[in-house]
Amino acid sequence: MANRVDEILSWYGSDNPGVLKNLRWMMDTGTLAGTGKMVILPVDQGFEHGPARTFAKNAPGYDPHYHYQLAIDAGCNAYAAPLGFLEAGARTYAGRIPTILKLNNSDSLYSSEDPCPAITGSVDDALRLGCAAIGYTIYPGSAHRNEMYGELRAISEEAKAAGLAVVVWSYPRGSGLSKDGETGIDVAAYAAQIAAQLGAHIIKVKPPTDFIEQDAARKVYESEGIKIDTLADRVQHVIQSAFDGRRIVIFSGGAAKGEEEVLEEIKGIAQGGGFGSIMGRNSFQRSKTEGIKLLQAAMQIYKDA
Amino acid sequence: MANRVDEILSWYGSDNPGVLKNLRWMMDTGTLAGTGKMVILPVDQGFEHGPARTFAKNAPGYDPHYHYQLAIDAGCNAYAAPLGFLEAGARTYAGRIPTILKLNNSDSLYSSEDPCPAITGSVDDALRLGCAAIGYTIYPGSAHRNEMYGELRAISEEAKAAGLAVVVWSYPRGSGLSKDGETGIDVAAYAAQIAAQLGAHIIKVKPPTDFIEQDAARKVYESEGIKIDTLADRVQHVIQSAFDGRRIVIFSGGAAKGEEEVLEEIKGIAQGGGFGSIMGRNSFQRSKTEGIKLLQAAMQIYKDA
Amino acid sequence: MANRVDEILSWYGSDNPGVLKNLRWMMDTGTLAGTGKMVILPVDQGFEHGPARTFAKNAPGYDPHYHYQLAIDAGCNAYAAPLGFLEAGARTYAGRIPTILKLNNSDSLYSSEDPCPAITGSVDDALRLGCAAIGYTIYPGSAHRNEMYGELRAISEEAKAAGLAVVVWSYPRGSGLSKDGETGIDVAAYAAQIAAQLGAHIIKVKPPTDFIEQDAARKVYESEGIKIDTLADRVQHVIQSAFDGRRIVIFSGGAAKGEEEVLEEIKGIAQGGGFGSIMGRNSFQRSKTEGIKLLQAAMQIYKDA
Amino acid sequence: MANRVDEILSWYGSDNPGVLKNLRWMMDTGTLAGTGKMVILPVDQGFEHGPARTFAKNAPGYDPHYHYQLAIDAGCNAYAAPLGFLEAGARTYAGRIPTILKLNNSDSLYSSEDPCPAITGSVDDALRLGCAAIGYTIYPGSAHRNEMYGELRAISEEAKAAGLAVVVWSYPRGSGLSKDGETGIDVAAYAAQIAAQLGAHIIKVKPPTDFIEQDAARKVYESEGIKIDTLADRVQHVIQSAFDGRRIVIFSGGAAKGEEEVLEEIKGIAQGGGFGSIMGRNSFQRSKTEGIKLLQAAMQIYKDA
Amino acid sequence: MANRVDEILSWYGSDNPGVLKNLRWMMDTGTLAGTGKMVILPVDQGFEHGPARTFAKNAPGYDPHYHYQLAIDAGCNAYAAPLGFLEAGARTYAGRIPTILKLNNSDSLYSSEDPCPAITGSVDDALRLGCAAIGYTIYPGSAHRNEMYGELRAISEEAKAAGLAVVVWSYPRGSGLSKDGETGIDVAAYAAQIAAQLGAHIIKVKPPTDFIEQDAARKVYESEGIKIDTLADRVQHVIQSAFDGRRIVIFSGGAAKGEEEVLEEIKGIAQGGGFGSIMGRNSFQRSKTEGIKLLQAAMQIYKDA
């Protein structure tokens, strides 16, 4: 099993050993340790969607310590959150689970067709909090995408020099895209490519649909017979689009939904060769027992893949 | 009583002892010393609303020394003001009451649907003036919110390294919100969450109404049965929304009003578990005797809670 | 009584309110609060003389928390120590007593006729640890004195800008002086003058003897009839030599000795107008009960003066 | 067992969560994971004594990978080495064992009565190599000690801000001490105190003998009846001298010797409450099998203690 | 009269208007305002010779405010002192008289054949204290002269950029010179040249004797018939040696002596074209009435010249 982690690390030949250490830390933690697969708990919805919409369904989740403990108890590989949530628990949980400091975030008290998140943390914050990685969201399709790409570039350069891994949430959104297009297969594959080209170590995208946004792309998908029928097909194509499998690509779970639906989706991701899932609302918007059960079921699917 | 202060300080595990010292200084000062409750005097309305609107009702308030002395005589925990007001009295009152330097402020000679305050002070200013904390206002709901969040992030990092506490005025306002929405319960809770996620040590919000601004939020408030009937209910929900009570949340008094009305509101805040009040216009727009009387009545309510 | 503190602060007209705040914090703390007198607990002998020589007589003193608690329980104005001792307790005791971070120290595993301490802490350390002041030792009479003066100058400038008070241990020592000369009255007065000219806010010297080291000085002492017969006379002259009483001068207690001898000395210091004592070994090398008793007896003498 | 690690971490209240993470990483690694005890493999003798003297006895040791693997296979808590050795293996072994980058080193092509090591690495090197800590050697007793203390101070401040732990080799040596004095009990206890006061998280000293170097110290050892008869007594006294047990103190193994002799010494260290051993030559100057056997026997002693 | 000041300022064509402002401030202050002549009060002897030797003869001089007031009451052009003395009065006397911050000083508790002063202040100190100039002492003839010259260069560069004038005390002293040589005419002229070449705006030397230190110089003085018989001759030669009169050269008064002797010397300086005097001990070691009387008599001589 350890061989698989070493194989994955061999893809990151331009990164220093500090980055590799932190990638390994995440891959050697929790139930999926050593498999090269990952299930990560992200909790930035308090900032992104507001507290009641995020935590009211399972009120213990208002407490920042809850999520540290949930990630540990469920056997997750890492826990990702904005500055405040990590600061509120970092001393108590120091070194007990790899953490990812989200360095930009959007709230939804102001909505804009072309979103652009605020910078909410720094590489120095990540070092003093003992994080394994920094996280950063880009919105390809937004009129402000270039500002985000440029910020990411500068932050990544600093993070990599300090030995921190870089996790990029690549979420197409904005006036350049239709609503269906945001999760269209051509757009999802393109989003993965952009994050990879910007130097991400780990790329997070949404599970793609079979919608195709761009005419120019559609022609190629048809002429070359790219298979996009099943989720597994589409996941495989996204991973191919992230340097032919040489980058870790994980998939978000999206809005809270039924357990079966969640696991069905994960099966598709696993069959397509996905490296894992990053499951927020489906984890912490259930009771702790239910959340752990679902996270562990997801891990089992990856283990069996 | 001292135990309560130690308990509160234990929530700030990522902060250095310098920050804890200044949090303790504020909590160990004045009539409410040792209770973990706070009544703070803020006087930034001269900048925000203009001098006559601010000080004419009680003309001694034009003098910056008046407010230092008022805060001391009334037994407040701290006094907050912009650069000029603090500079004008800092030597005379050095060390006699904790001060909070407001690092950004908006004037009202230019009004904008989407406000964005000017930076009006620095962390170095706060150190040379002997302040316990820096204060910073964000306007969630403004088109410029992200600029404010990013500035706050950088200023907080510097302030925390220098051992200063960070107090955030989180005041939803701007084209993203309706007028009623600015103090709606969902928005107030969200504003508290945003400030907490940005790393605030002390969060200041307005007392929330039972208005709900966002449809997505309303569904949750209804489905989860979140109680928002009384002010106490709503305050409790706001505090829950600021890391389940792991952050100090205080409430502003708003526009000047009758004494009874003020105290009624404070009773609601205290019943809901609020950590205190920050009362400006209701303090210094009365005669000194009346102002002190009202401040002390407020403190008594927190003591009895 | 508070008037006396205000009067003392008025002497420091070139300092910013941050420095005044920290001077006031020290003068408003403990049993002597408000009197303008000070009794400070210094514990740097572990570094200066070694642990067994320092702590074996009262073994609880090996524990850094012991000294914080001793200073608090005895009602001292402040506690001074090197980096390690403060780091080991700063979180627990944050804000409970003003601390002075000693920024240079000498060990005695290497002895040199012309001593020069090592830099062992920084102004930034003092800020993150929440200190009220930095402490620095100079050895007038050492061949390396100018190096120390230059370091002190640079450190003081940085400390003062950040609002920290500067406490200087001025201990004549080195090949330029005889053994008796180290505590001779002319040398002690000169040491106080040097520290004052270098910009110290608080000056610590040893109680002077009636020995006169320098021939050029003896002529003046005799021709001008400067009284140096009693300790009170000599203390008065030292204070005069520190800007005619415009700087706070405190006196060290020296090696551990009998209680009566200690108190007799302090009476002389108090009669001569000394601002207080800094008593290390005579405090912590006794049992805690005895140490507190002696510290409180010293405070009583200053109160009665 | 995890409780013991948490208890130890609670002593480091002035440090940020990043430092705690790295201390935990070392204490949670290898055979002694969770016990709060440590056995560390240090290999800086190639630089300090020359390659043949260091590696010829067990020639595979010329290869830097050998030592990484040895530390892993034996179940050590960490591996310490200078820049070159770590650079040569850091990619291959990234994240597989905590590493300590030695930031200063002395070679023996020039010998000086008063040694002063060269700076051979930086905090940034430690971050890019993914280290858990930096290591630094001081030579109390050397005429150049103050230069080392000052360098350590500056490097520690930078390392701590970046979340790295600080390990100090405190090795008395130089013209201020006799040969016997270098390991004398008074000097060893003093060396531990100096490292602790300089802010070390982990202190490494040599097992002390019952020799007493300083007359002033001897008086105290005799008058206070400090027990120094057995190694266990002396170790206990050294640990007491490092903040009464509030700092991790580990002991070096010294020159290569017989297995029985090594283990006898470790038993004494363990009985005296020592936190562990740092064994270089006794580990890698044996065959790999023999080296591992001896390291594991040492770990067993600490486990049983 | 103003013409003379403008003429003098015209010599400083490479300096920025800030420097000219401060030179003019000094030349437009006091009794000699507008004459281009200067009488300056310097008080650094407390640091240089010790407090009793300096102040006991006229005890009010222990108080730093005394000297500010003396300089103002006597109508001096400026007052020069080390950091501590200026800090102790700078607020009270802010802007009431130009001040010169002495940036280096020597104490006499350690004496060395080759003196080298300590740095005791900075250009930033001079700015925050509102000074017109910085002062700096060099000891041509000392083995450490190059260190002083180098420091002066760097400090001057910084001072000039900040608009501060540079006053250099050029006092030949050290193992390179005989005792008589320190004030020999060849050495004094050479000292003035060195200061001028190092970029001084105002040069302070001692009144020269007719002694000639260097054989190589003597040959020239004789062959060229340079007149050095009277003090006026020698002063004229010194001024010639400072860029043929294009730099302000003033003369120190030396040890306290009889009134007549002082005034006789000043007459010689004035006759030789000296720009003024800098009189310390002869001013403040008399009663205030006597000191003012002597200073005013000196000014009258320069006015009449």
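Every chain is named by a letter (A, B, C, D and E) in the order it is written, and numbering of its residues begins at 1.
One rule holds in what follows: a residue touches a chain if its C-beta (ideal position, glycine included) is under 8 Å from a C-beta of that chain, and two chains touch if they have at least 3 such contacts.
Since this is a predicted model, take the numbers as computed values, not measurements.
Using the touch definition from the top, list the chains contacting both chain C and chain E.
Correct list: empty, since no chain touches both.
Quick check for you: after a Cα superposition of chain D on chain E, what is the rotation angle, between 0 and 180°, in steps of 5?
Here the rotation carrying chain D onto chain E measures out at 145 degrees.
Same or different: at the chain A/chain B interface, is the fraction of residue numbers used by both copies above or below half?
Different: fewer than half of the residue numbers at the chain A-chain B interface appear in both copies.
Among the chains, which one keeps its Cα centre farthest from the Cα centre of chain A?
Measuring from the centre of chain A, the most distant chain centre belongs to E.
The A-D interface: which of B-C, A-B or C-E repeats it, judged by over half of the contact pairs being the same residue numbers?
Within B-C, A-B or C-E, the interface duplicating A-D belongs to B-C.
Centre to centre, by mean C-alpha position, how many angstrom separate chain B and chain D?
Taking the mean C-alpha position of each chain, the two centres sit 49 Å apart.
At what distance in angstrom does the C-alpha mean of chain E lie from that of chain A?
Roughly 71 Å separates the two chain centres.
From the mean C-alpha coordinate of chain A to that of chain C, what's the distance rounded to whole Å?
Taking the average C-alpha coordinate of chain A and of chain C, the gap between them is 57 Å.
Whole-Å distance, chain C centre to chain D centre, using C-alpha means?
Distance between chain centres, rounded to whole Å: 35 Å.
What are the residues of chain E that contact at least two other chains?
Counting only residues that touch two or more other chains, chain E contributes none.
Touch graph of the chains shown: is it line, ring, star, complete or other?
other
Which chains touch, pair by pair?
Per the contact definition above, the touching pairs are A-B, A-D, B-C, B-D, C-D, C-E.
Using the touch rule from the top, collect the residues of chain A that touch chain D in their complex.
9, 16-25, 28, 90-91, 94-96, 124, 127-131, 161-163
Enumerate the contact residues on chain B facing chain D in the complex.
Going through chain B, the ones touching chain D are 13-14, 16-17, 161.
Using the touch definition from the top, list the residues of chain A that touch chain B in their complex.
Residues 46-47, 49-53, 55-57, 59-60, 62-64, 66, 82-92, 105-112, 116-122, 124-125, 128-129 of chain A touch chain B in their complex.
Please output the residues of chain B touching chain A within their complex, sorted ascending.
Listed in rising order, the residues of chain B that touch chain A are 11, 13-15, 140-143, 145-150, 153-154, 157, 172, 174-177, 186-187, 189-194, 196-200, 214, 216-217, 220-221, 224, 226, 237, 240-241, 243-244, 246-247.
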